[in-house]
């Protein structure tokens, strides 16, 4: 079995721009090296290039537009992400929702460019629908728990179990991340025990005084 | 086997407001009565109430928002559609695309209110994804053929075959409509022979001098 | 000086569909007849036709798309609103925000069809910008006060004064409505004394047990 | 009088990623140094940091979200643009249209962070409305001429004259760029003679075999 994947969404927090993004990425690289667990970061677009250049961890984009290179302004193409050094992208995060046609084309563009995809869902039915679009991962994030400090692993394991079942029925090869409220090694352990392949999290790492300490705790029970 | 379903999207054409919408609905009712084929219309929101009141054919909305009744402005709730006499709604037409979360909640709201749903897809992958959200129908409409005068039945039967297969694999109970460029009885016949349950069409009926004649042709080979 | 205008946005509340919309419109017609104050209602799209037919008060749409009649699905054209009996439309309500290009074309389409426009702003700067697009009214609704039960007239008269000044500087012919939290005759009186031409309100009328009583109070100090 | 400003929108063209963006920025720097004319570039987000670091020309973002730093995913904050070295941003390009509330908050965020703003309009009325939001520049780009090879300076000087007048009436301190179809020194000369402060252009530079030659032509009649 592959190592679980821990993906840290840096969002647009004041604590995650520039120097501070670098600090979190360094912590991710250290803890990943110590533990053997794959830990990635998803910074704002402008930090993708420098973080990809300076670190040996997977750098993800927070968003990608499924358009071919051309006359678009303010868009983010998979081709450009690839050139900037990204290894993948979030798609359809609840803070940047997309039409189903755009999700499909974004996943397609990423595949064509060798980028991984983490498609975010808000409940069991959308998890199943996203699985049909064949991303690498579906990340299940009940919106009401995002940033809540309440872990979905503990508060609502049923939505995880139900989503795992729904995703497996549609396509057993699509992997699954547990998201929303993840903050400790125990949350990660439960997420893995429920049959998912890792976690997607944000504030508990980004807003920590010592991100490395939080990351060490997250991998401690694997 | 149930009768095929023919759904005429009246769009916002100058030929489909007010009196003219009534004229098309009357034609649909006549041809439906003669042929036994179920023919519905999807007028602009303001014509839903009068058409539902005056005719015995299924009247669909062109769009529905999956929000519960509340403090929303310019939205269309399933509850209000039900009260206005609608029997169902298009969801995610390529001219009114929705996020996957909105599609899921719109289908859920319609079910709760006893309304049928026709979810529109643009290719095989989104057809499969939509099927996972369990609408009554998935309508396959390659955007490049909408309003083109080129029938998808003839120009691209492969996308229909592929979508039928993809939808059946995800959920065999979801029915399928063939859309885009449908204009004759032959198109409808091919659509049914390819395993779909009817057609979704617009301009060839709405812009016809004699909508009843076009509708009679559409059902002629069933 | 023209009578102030009171516009009741019925939103999508459970209390404002079908029969209940009719009840509120009847109250508006009665109080308008008694007081000589112009009172309009903005129901959901499906109720525009029946309310326009049965009552002699201005019926507004909650939204309008600035597109010419054509191949659009789920849109609302000014032409269709006119046919349905509407006298005008809200444009850019904070619950249905539009791009600046869409606001401009929506106001243009309404003018071409003889429909009034109430363009909603969220602060002084957008009030001035909207005035440059020459709607009949700019309605100032600080989003944080909408539905709050806290009247903008009392809580933030400065935003009203500032917006009046900003709008007048751009175009002195554009009229102004005060919105957000309006609930009593005193609120309306203050709104008029601050130099605005009426009020836009919703929940205090729609959710009242006796809408007519609330409306009578609203006009009591004019 | 200040030097005219020439801003090259690199869009998402295959010819404007990575190395090629660097090539265009180098050309802009050379021609700017030779001519004394200010020439900026607006690359995709990921290229803002490296281009700002390596070149002494103004680097603009193609888009900015007017949100304060926080829990947003896939957004672009003014704070992050500033850290990445940007000097300003396009706002509301016709290929990335924004609500009026978002335009207002984006301009505000940029001002707070010392970034310049170029707000794009599609006609005279929106030019006036944008001027009321006090960006540094309003760029007038009739959408039908963008990428057309037909210069707005020659094809429709009236829209430029009308927009200049409309903008000046609202706020004489807002500067104006002429956009859409600009391709030669003659176009730039006409734009300046019509009273505007420079040009916004894209394909004629980005898709040129020799961008420096095109840029030299653009400044040749100033």
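All chains are identified by letter, namely A, B, C and D, in their written order; residue positions are counted from 1 within each chain.
The rule is short, and it goes like this: a residue touches a chain if its C-beta (ideal position, glycine included) is under 8 Å from a C-beta of that chain, and two chains touch if they have at least 3 such contacts.
What you see is a predicted model; the values in this text were computed from it and never measured.
Ranking A-B and B-C by contacting C-beta pairs places B-C first. Here the CA centre of chain A is 43 Å from the CA centre of chain C.
Here the spacing of chain B and chain C, counted between their Cα centres, is 34 Å. For the pair chain A and chain B, the distance between C-alpha centroids works out to 36 Å.
Counting partner chains per residue, chain D has residues 94 touching two or more of them.
The touch graph of the protein chains shown is a ring with every node of degree two.
Remark: chain A residues 92, 94, 97-104, 108, 121-123, 125-126, 128-134, 166, 170 touch chain B in the complex.
Taken in their complex, chain A has these residues touching chain D: 9, 11-14, 17-18, 42, 44-50, 61-63, 67, 69-77, 79-81, 83-84, 90, 93-96, 146-147, 202-203.
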